[in-house]
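Below: a set of structures, written as structure tokens.
First chain A sits with chain B, and in the next complex the same chain sits with chain C.
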Partner chain A sequence: MKALVSVKRAVDYNVRIQVKPDGSGVVTDGVKHSMNPFDEIAMEEAVRLKEKGVISEIIAVTIGGQKNEETLRTALAFGATRAIHVKEDGEIQPLTAARALAAVFKKESADILLCGKQAIDDDANQTGQMTAALLDIAQATFASKVDIADGKATVIREVDAGLETLEIDLPAVITADLRLNEPRYLKLPDIMKAKRVQIEATNLGDLGVEAAPAIKVTKTAPPPARSKGVMVKTVDELAAMLKQKGLV
Partner chain B sequence: MTTLPGAPHPYLREEHELYRSQLRRFVQKECDPHIEAWEQAGELPRALQLKAAEAGVLGIGFPEEFGGTGDDDPFYQTIMAEELARSGSGGLIASLVSHRIGSPPIAAHGTPEQKDRFLRPVLDGSKIAALAITEPGGGSDVANLRTTARLDGDHYIVNGSKTFITSGMRADFITVAVRTGGSGMGGVSLLVVEAGTPGFTRSPLQKMGWWCSDTATLYFQDCRVPVANRIGEEHRGFKAIMENFNNERLMLSAQAWGFGQVCYEEALAYARERQTFGQPLIARQVIRHKLTDMKMKLDAIKAQLDLLCWQITQGHMPVAEICLLKNLSTGALEWIAGEAVQIFGGAGYLRGAKVERIFRETKVLSIGGGATEIMKDLASRQLGY
Partner chain C sequence: MSIERDVMEYDVVIVGAGPSGLGAAIRLKQMAADAGQELNVCLVEKGSEVGAHILSGAVFEPRALQELIPDWKEKGAPLRAAVTGDEMHMLRSAESSYKFPNWMVPKTMHNEGNYVISLGNLCRWLGEQAEAMGVEVYPGFAAQEVLFNDAGAVVGVQVGDLGVSANGEHKPDFAPGMELRAKYTLFAEGCRGHLGKRLIRQFKLDAEVDPQHYGIGLKEVWEVPAEKHKPGLVVHGAGWPLDDANPGGWFLYHAEDQKVFVGLIVDLSYENPWLSPFDEFQRLKHHPVLKAHLEGGKRISYGARALAKGGFNSLPQMVFPGGALIGCDLGTMNFSKIKGSHTALKSGMIAGEAFAGALFKGAEGGDALQAYPEAFKASWLWDELYRSRNWGPAMHKFGTLFGGAFNYIDQNIFGGKLPFTLHDRRPDHATLKTAAEAKKIEYPKPDNILSFDKLSSVFLSSTNHEEDQPVHLKLADPSIPIAKNLPKYAEPAQRYCPAGVYEVVGEGEDQRFQINAQNCVHCKTCDIKDPAQNITWVAPEGNGGPNYAGM
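Moving on, here comes the complex of A and B:
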């Protein structure tokens, strides 16, 4: 079985995001980037499925500019067997990413697409769902447990009401939630080995995908600054303060 | 080199940064939440050793066939020290990686059998290693150490004591410098003393800082150590000790920089937050100037640290410069930590603030691994004065 894992390059989770003064977006120049944490979870799941012998090949796919090569190196250090770089310097919106992933999925005749449930930069939470729709295959989003056997995937999903168990036929798209697993620490020898793997390059044109942005961002603004909180010691004190402020 | 935070760097590559991010996660997840409890307990839990092995902290720079990473790029070691320093706990670094000073002589001069016994289980986190050079009679004057080891058949009989030994209470394997021959540097050998050897006892020491690191005095009374535990040739231990010091001093410099960086970041954040006389502290020129002076010193130290690491990758060992960098970095840290506490005001004097702990843990960096005065002497001799 062949798994495709989508890996996005995003501003590192340790970085304090700053909005550009002109409101045209957030500052990304000279800012540390790394693999979207939910994609790390998807990668980890793929590697575990491979270690269990469920899948034999893991292809990591990224869409973006030259710097995305590092994201693929991270995926290779995790244990991806191949890495595909869909080169695109322009903006990549969820629908564009989904089209590209669907095209690679078809070309590779993959059985599973593992994605993060969302990326921590735009939090769109759309790419996995859109890809499944474009491919017209089953999907299970927000996975917190995945079992694969006999051409089916049993997926426990985290939903608002609690947990939901789905059984879906493969091929399918599965998106990883936070509690699916805890990604391993990448070992230096694996990081070094990943450097020597040849990355396969392609682009949107070759895949027959048009990068037509469907969403226009008009303005980016930071959330309003919160005023400093007050520590209260007792419930009575809390109640008194809420009353005083006319909140209850 | 594009994932590098901030400005481009002449020596670091993306794999260095990827390794750094693994360690950052290890420290945030496995260390930060527990440091206070470990400080109170006076030692680190053994389970942390296994987690550190898993996270790739222990194996850096040790041979691959015994569980190490096999590389000899010193940047990985300094990155490790810098990232562990983000915890704000010197005791964590000192004790978690005490094998960084205890095990290199075994890796460099041990037989394959010795590496299998004394190195492999340390790198996989199941055993703890320490180094014992310093004696109650003196630490700076290594060549005149007094612990003796007299040959008796296939054993050495060891008598004497060692003090200030990091991980000394917990260590399973201790690389001990002993006198097997005549006086001076020509009579020194290295023996691995194993926990539980009859005639070997230890007692804990209470310290100004590094509380989570178990520091001990070790006593040897007619302690029989197999000749098979001698690392390298007899009477040739002094050179191995000296080689070991270069690496230790570089690591201490990286740590000092890391702690300085934490002080700077903490003080900057506090200065932005804290209001006095109706304005944030950062609005005061005197406070901003303290912060720029901190950054100026840190930048200079980092530039030299990275340059020396790069020179080592080129096969050059800058012994004098390493001594001087140790002095520059640890001296700067004494000043930076003091100013960080000052910016915190009374809050910097209270337990719980990172700057408070770092302030208490500056002096040990200026003394351990070769005290400031000794570093100047060694550097001047190296420079042919």
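Moving on, here comes the complex of A and C:
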């Protein structure tokens, strides 16, 4: 069984995001980037499924500029068998990514697409779903447990009401939620080996995919600063303050 | 129980991806390309990426970079704000100041032809250049131990284990650190490197020189309104709030993109145990001279790092069997220019050249390669450090005003070639007066506009450590902080640490010394200043520490 895992290069989760002075976006220059943490979870799940003998090949795929190669190297160090770089220097919106992933999925005749439920940079939460729709295959999003047997996947999803269990036919798209697993430490020897793997390059044109710049960001602004709190000494004082502000 | 470790062999292993380590790596690869030979070079860096742990002013003198990569401009090196003006101020009180006319400023403090840069960003760029040339760069892995052979020569480093719990047990995801073996190992950890410190002691590299002297540099990055931004303006100052017994100086640089870098360097030879470099920095920003630049702006980053400023008189021997010290691990900063980036880069380049030369001749390692110190002594770097050798000691001996006057005459009239050398032989950990002798300092409360408290500052360094791991700040004798340092010096660690790592909590019998190791920004000040020399900084799990962006 062949798994495709999509990995996105995003601003690292430790970085405090800065909005550019002119409000045209956030600062990404000189800022640490790493693999989107939810994609790391998807990657880890793929590796565990491979260790269990459920899947035989893991293909990591990324879409973006030259620096995305780092993200693929990380995926290889995790245990991806191959890596495909869809080279595109421009902005990549979810629909473009979904079209590219669908094209690679078809080309590789993959059985399963694993990806993060969303990327922490744009929080779009669209790519997995749209890819499933474009491929007209089943999807199970927000997975917190995945079992695969007999051409079916049993997926536990975290929903507002509790846990929901789905059984879907393969091929399918599964998107990873936070509690699916805890990604392993990458070992230096594996990172060293990953450096020596040849990355397969392609681009949107070769895949027959049209970029879909459907969304225009008009303004980026930081959240408003929280106003200063007041320390009160007694319950009466608190009650008086709340009344004064018309909150009770 | 012995752990089985993977081993990888290289020609050269470099510890630390700062200007010296990257300079050495790039030079080694350039030499190999020129000679049509193969050299395997591996560089490990404890930060989560190249540049994550780099903190510097910085006004950068491009001389060494020009030699290393002559087409740096075309290749997009991040030197974007050429210096457009130099100012120097003496602050006389919290309100008043004196601006020096340009002719009165020592020559070494002039900055024409230099650039205001983020050294972190320059290192990121140098890292890319190094990788493109085939250097294997591994960020997120800390060199934890030096490896020796039976003859006592250095043969590489062992990278830290991952997945060890706070009480030293192996967690389920334990990954043993690898052994990186090399013919030669270059230590480029920066000021007070934890391995460099051990090597200096073990091989007695500093036996014949003055003790190293240090400062702690605190820095913030501000974003200021466009109308206040003067790209390339360089402002330096001294005086208030520090004094001759507790000296230091500050900087304020206008970089590109509406950024202003502001910082304070406090000499770690300070005497008053009540002094808090962090709080001095916070109140400094309220002085009208600094406030004028920062008002209306927003602080976006904070960090701190110790610097080695002993210079020429404190330079230890550079080589030992199997390796060498380079950059600030050696102590190549030129304090008269308050610059260490170009000198660190140059020292790495010289070492890279020397070690490549030896390897081409078939060297197998294990020796103390004299070609490196010889080339060092024949270079402009040696000359530059020699000329500035009296700067720091003059300041310590004569105070800021008369020391400054001495330095003016020394640098402007004699070009640093006065026929005598001033020495400063008291180590920085031995300078504190007792808490009873010294005057207690009451610092003003932060206003949260220009000045801030320590914890909200540390937050801006984005420092992060895996919580369940052994404490990386080791006390040789755990009783000393409460039993000795507290009564005698009011435990100064609470104040000199710029990240709130050390706290004395509880009352009376229950008093104890708490180490909040996860706050650490890897500045090494505790390792330097503790009067009992009881604190040893060791490398925490890789990836830990600050995540500076654009520092």
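In the analysis below, the second predicted complex is superposed on the first by the 230 of 248 C-alpha atoms of A that agree within 3 Å, B and C clash if a C-alpha of one lies under 4 Å from a C-alpha of the other, contacts with A are read in each partner's own complex, and residues count from 1 in each chain.
Please note the rule applied: a residue touches a chain if its C-beta (ideal position, glycine included) is under 8 Å from a C-beta of that chain, and two chains touch if they have at least 3 such contacts.
Since the structure is predicted, the reported quantities are computational estimates derived from the model, not experimental observations.
Applying the stated contact rule after C-alpha superposition, one finds that A:Tyr185 touches each of chain B and chain C.
In the superposition on chain A, A:Lys195 contacts both chain B and chain C.
In the overlay built on the shared chain, the residue A:Asn14 is in contact with chain B and with chain C. Contact with chain B, but none with chain C, is seen for A:Ala77 once the two complexes are overlaid on the shared chain.
By the touch criterion defined above, A:Lys2 reaches neither chain B nor chain C.
When both complexes are overlaid on chain A, the residue A:Gly30 reaches chain B and chain C alike.
Legend: residue contacts after superposition of the two complexes on their common chain; A:Lys145 is shown touching neither chain B nor chain C.
The contact surfaces that chain B and chain C form on chain A in the two complexes overlap at residues 12, 14-15, 30-32, 34, 184-185, 187-189, 191-192, 195. Chain contact summary for the complex, chain A toward chain B: residues 12, 14-15, 30-34, 66-67, 70, 73-74, 77, 184-189, 191-192, 195. Note for the complex: chain B touches chain A at residues 2-7, 14-15, 17-19, 21-22, 24-26, 54-56, 59-60, 64, 69-71, 76.
Interface residues of chain C, counted against chain A in their complex, comprise 6, 8, 48-49, 51-52, 78, 118, 120-121, 124, 136, 138, 141, 159, 162-163, 173, 175, 177-178, 223, 226, 257-258, 300, 448, 460, 462, 464, 547, 549-550. Considering their complex, residues 12, 14-16, 18, 21, 27, 30-32, 34, 182, 184-185, 187-189, 191-192, 195, 228 of chain A touch chain C.
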